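Here come two complexes built around subunit A, the first alongside subunit B, the second alongside subunit C.
Take a look at the complex of A and B:
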């Protein structure tokens, strides 16, 4: 186990390094001019040159890379070229927003899709058809459309929930929760649709296995059969889907973030990329990769805990 | 099994209870502002960046700075310039020395007093900075402190935009104690009517300002607090307005009908012009463009009125001028100079010796694709062989300003006449990329620069007429800035700025 964790950790370090290096090179090669972007359309060539020098862009690529890497290893990711905020501060501001939305969405997805998927698989009949229909609908409805409908109904017309904005949990847990209801609902319509389908399919597969029939013939209670045997074996595919969704939502909830004006990392990533804000992008990429590695590790451990067959030796 | 369905039912009940709970809890958060004092909540299309006065920008981001930083002079919605931190101002005869008399009762929020040395330090900080508007003090050669309450700005040449800029970005005064510490970039310290309330501010999400208790002119600002929320998405701004979460925000022509149906007030002000920049006036890349008749043909070739009507929903006015309709250089009689007339365009091309057209590459800039399609077709109709090259949004400015393209479509936020002259026309102007020069134009520019009073307006109008005649550009129309406000907020539109200044808001009576 310790060896497994250690190997994972080593792989993670290499991954972070490789991705950060590639990001640095790609961003440096795209040809955008951050100094010009900062100074806008009124600046003269001399002003742009002065700004470039201030940002260190007049240094050779290799020197800039080594400088960045040297500082990054000590945890110093520099300051955003546009807002002058330390990169770590802005990430510390934005990640809680995205994590609030995404973690809540994943938890809601896990719970509801487990309930829906298992119920559909066990009961079949009209429940199954209803779940299937919901899944198709959930797939078909784009989440930004769902979001706009939700805002119009619950925020603009009924004035029950806020239309925009995010309140940190520490400031006011109640308003934090209120602010999350609409964005999370908009996101989970799609994720529940796909995850519930996975759970349903996996559960039906397991229920058809010979050992389930054998267990049943030995008089094991239905409940014990379902929770101790079937669900354990049906969980891994669903967990994999959930982990992929988590990673996808983290950076991919950008449209939802825009509609609800949530200051999360999706908008940060897009803005920083469009502006060519290299320190900001690099900081973001490193933290994202670390997060993805952690999520995958947790899912692996969870899968192993649920299903000894999948455990690593 | 039964239980799991029961559980599902319980969950639905729980969810509806939660919703019911919300309805009881939410009014407190939406109906916060009242007609007396209260809070003004604005939605901004852009997030704040630096709080350093040296980085101050015109346009949207001005709203973040104006609550905390007072300027030396004041500009109102009629573009009239009046005393502010400087209680009096006067020029010498040839407009090269500006004397400012300062108020003696102003302190910055860190306790430092505003005096002549503080003004000098601020002006030098701005001029030497690397902010995008340091160019607005390019003609400032020195600042003389003649008494603790008097400074003289010595100019290397007259600057017709100086007073206006001193009322906006370059006249913003920060505490001299903070100028060199670098802390201003993240923490503003000014003498303005409000202070940034760090405890109620979340970067990227909400900026809260509360009254500066020691402010010398509190009556000029009716609100007890101001909140600015960056809402980059137009849909988010509209929803926030309709839900009563913000009091005012910018929008576009397409959202006007929806806004009016929701009871919002629509404000309009002519702002940006759109059209062609014809930058290769010497014919360095496309020799045909050196002939003014070819450039004039480009002006006749495109039906700007039709574009205004169909794409901009008629929200604007047709124009042929690069100067803003509210500026001193604008002359309404010039706007009929180039009606849509493809036949005339062809004749002009033939006269210039290009009856068979010529080759032209124009950039297809992200965001202008609809205009590009129309332009390409219109130019092909008069025989010019146009091809396009895609340019991504993040690279558009640097690509265009590099001078790579002899002709391109652009949207220009016109403002003060002199400001536009030094950005577009002079040989060193950043948007005169190929450094085109014309002795007659130089004469007209320097006449406009040195003229005073009514003569200045006439001189600028002659300059505008010459640029129209020489067809350095082909403007089609100047479009309306659209700004929405709630019924309880009166927002006065500001000429030459995309959003109102912070002192243009008041509770509606």
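Take a look at the complex of A and C:
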């Protein structure tokens, strides 16, 4: 198990490094003059040159890359070209908000899809038909549209839940939770739809296995069969889907945050994109990828813990 | 294609024929036709948008701002007084073209790399698989946002990027399809007949993955439409032309004034993407229905089997003249103290078309305490089905339709299906030994756990007591290092060891009846003899009744006291083992005997085994 962990950790570090390098090169090699963009058309050539020197843009690409990477390893992604705020500071302010939404959404997805998917596989009947129909519906309806409908119904018309705003958990857990209900609901409609479908498929696959019949022949209880043996064997494929959902949710949250006016990474990402704020975007991408890699690592470890065979390969 | 390829072509034929049939079957599926119709409607109205509506999607008439639907403007007008319906169908162009670009990119990247990686494997396979998982770890929207800041919001660049990010799905699908196909015999045949790699790939491999690819493509198109609308909604898209996402964004700014405006773009996205999803699902269902599903126990009798069933009827009619108590499967010699009695058992599988496939028909047999009954027949003869009926472990779709099964005087199954007595007997009175050892052990638990769990549940033992007993059992079934095996996972032991563990599990709670379903078929010949010895020894020392399901008369000769021969779901002959070998009455038994005796072990070897097993049993 230690070797397994070490190998996965090594692969994860390499992955982050490669993506960071690719992003840096891709974004630095394209044309345009960032200094000119920052200062606007009114700036003189001298001012632009001075700005370039200040940002280190007059250095060769290789030097800039080594400098950036060296600082990035220590968690320093430089300062925003526009606000001059350290990138890490703004990320540290914004990420907790987004993570509140995404992590809650992934937990809700995991629990509800497990219940729905297993019930559909075991009971069949109307639950099964519901899961199948829900899968199409959840795929077809964009989550930001669901969010708009939820805002219209629950916030604008019924005035039951807050339409916008975020209250930190530490300030008021109750209002934190209330504020999360609509954004999380909007996000999980799609993820539950597809994950429940996957859980259903995986459970049906396991139920068909020979060893399930043999376990039944041994006289063990139905409950133990389902909750101990079937769930454990059906979990790895479902976990893989869940890790992909997490990647999707990070993107989905950006749009959802705009609708609910949540001060997360969404506005940061959009503004940085519109302005061409290179350090900000780079920091964002790297932190996101690190998050994804951590989640994948956790899922890998869970899979390895659940399925002894996965530890070997 | 040259003439030399005819043999290979003959093998490949089903794929080609299946393809045409699939095309026709898809057109018969109402879901597929319906969703395709809706998609066609969306596409056509986008193409002919200028003819359908007189409104210019970008002409703002402030006097019409927020006009109600069904007046001058079919779906009303937005805050700038632009016609919503016109913007909807003109906006479809953006979404559809965007989806098309993303799809084309994903396929253009995914298919060739997947084909090369799967077909040639090697370093390219490792590299591209690694790259695919790298792409899948990228948060798509962020990457696209990052790129927009560099390349601008042009639809081509954005959708090409999306396509690239979605290509790992296509790559993996193609690759796994190729990997599974390239091991097939007809690919070897094609290679032997001199077909070039290019030809093999384009003809055979692509044919196999075509349907899954279409399904994947419909999903990618749907995802691309949603992602693109999301970008437009964020306001980082191209704002000069009407698009669905942009309409949603405008509706959002007016959400307090005109909440219904969010409805139309949402509906059109939902309908378009939903149609794509439904088409994909319908195609998947059609493909899965088209494949010869491997359900050996559920299939209808093949024409060959039906023929043999008819032959059977004739043969029973012929032998009816020479009336013999042991022919026709009638149970006349049933002793009163029999452990298990099966009477006129009929097992069937109701089919979707309303008919019922009968797999066991009128089977009567009994097993006494301490007796070994051989249940013999070729595959598909219903012998395993009979065994599973006794255990109450028929698949969900099957059922006991007639007759009864009783154990120690109690009825445990009958036609009304009301009695589920077998459930209470499994583990306690019934022990089951499966055919294929590896697939019958739960891969996620140690062998020890799988032995201990039923003992704790059924015998109520404490964990240490159950463990002690499990170690004793492992020792008894001939495992050299019980402690190590106890802690091992199924994938860490050999097939022969796994089968010994399964035997230990079957006898763990002292059952009175052991049902062994071809327990030696999946094992090496040398291990087979040992396992048979072990079974015979255990059966004798615990004087268990035993049903030995087998197709091998060598096994019968080795271990069985009595034999019941099955063919096409019926019992054709039942006799003492020695009697049957000396004088088989039924022509089918004679045929089986003459065909199987040739490949059994030499008589001398069997003799020593019998002797040794007698020695163990004493």
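The working rule: the second predicted complex is superposed on the first by the 288 of 313 C-alpha atoms of A that agree within 3 Å, B and C clash if a C-alpha of one lies under 4 Å from a C-alpha of the other, contacts with A are read in each partner's own complex, and residues count from 1 in each chain.
One rule holds in what follows: contacts are C-beta pairs under 8 Å (C-beta built on N, C-alpha and C of every residue); 3 or more make two chains touch, one makes a residue touch a chain.
Since the model is a prediction, treat every value here as computed from it, not as a measurement.
In the superposed pair of complexes, A:162 makes contact with subunit B only, with no contact to subunit C.
Of the two partner chains, neither subunit B nor subunit C is touched by A:126. In the superposition on chain A, A:306 makes contact with subunit C only, while subunit B stays out of contact range. Contact with both subunit B and subunit C is seen for A:259 once the two complexes are overlaid on the shared chain. By the touch criterion defined above, A:276 lies against subunit B and subunit C together after alignment on the C-alpha atoms of chain A. Applying the stated contact rule after C-alpha superposition, one finds that A:148 touches each of subunit B and subunit C.
Of the two partner chains placed by superposition, only subunit C is touched by A:224; subunit B is not.
Subunit A uses residues 30, 32, 148, 151-152, 156, 258-259, 273-276 to touch subunit B in one structure and subunit C in the other. Residues 134, 136-143, 145-151, 219, 222, 226, 229-230, 233-236, 248, 251-252, 255-256, 259, 262, 265-266, 269-271, 273-274, 277-278, 281, 391, 393, 425-428, 430-432, 434, 436, 439-445, 450, 453-454, 457-458, 489, 491, 502, 505-506, 508-509 of subunit C are the ones touching subunit A in the complex.
The touching residues of subunit A, counted against subunit B in their complex, run 30-33, 36-45, 47, 50-51, 54, 82-85, 89-90, 93-94, 97, 112, 115, 118-119, 122-123, 127, 148, 151-152, 155-156, 158-166, 168, 174-175, 178, 181, 258-261, 263, 267-268, 271, 273-276. Residue ranges on subunit B touching subunit A, taken from their complex, read 1, 4-5, 7-8, 11, 18-19, 22-23, 25-27, 29-30, 47-50, 52, 57, 130-135, 185-186, 202-206, 229-233, 235-236, 239-240, 242-245, 262, 393-395, 397-398, 401, 423, 428, 430-431. The touching residues of subunit A, when paired with subunit C in their complex, are 15, 18-19, 23, 26-27, 30, 32, 132, 135-137, 139-142, 144-145, 148-149, 151-152, 156-157, 209-211, 213-221, 224, 229, 232-233, 244, 247-248, 250-252, 254-255, 258-259, 269-270, 272-278, 281-282, 284-285, 288-289, 292-293, 296, 306-309, 312.
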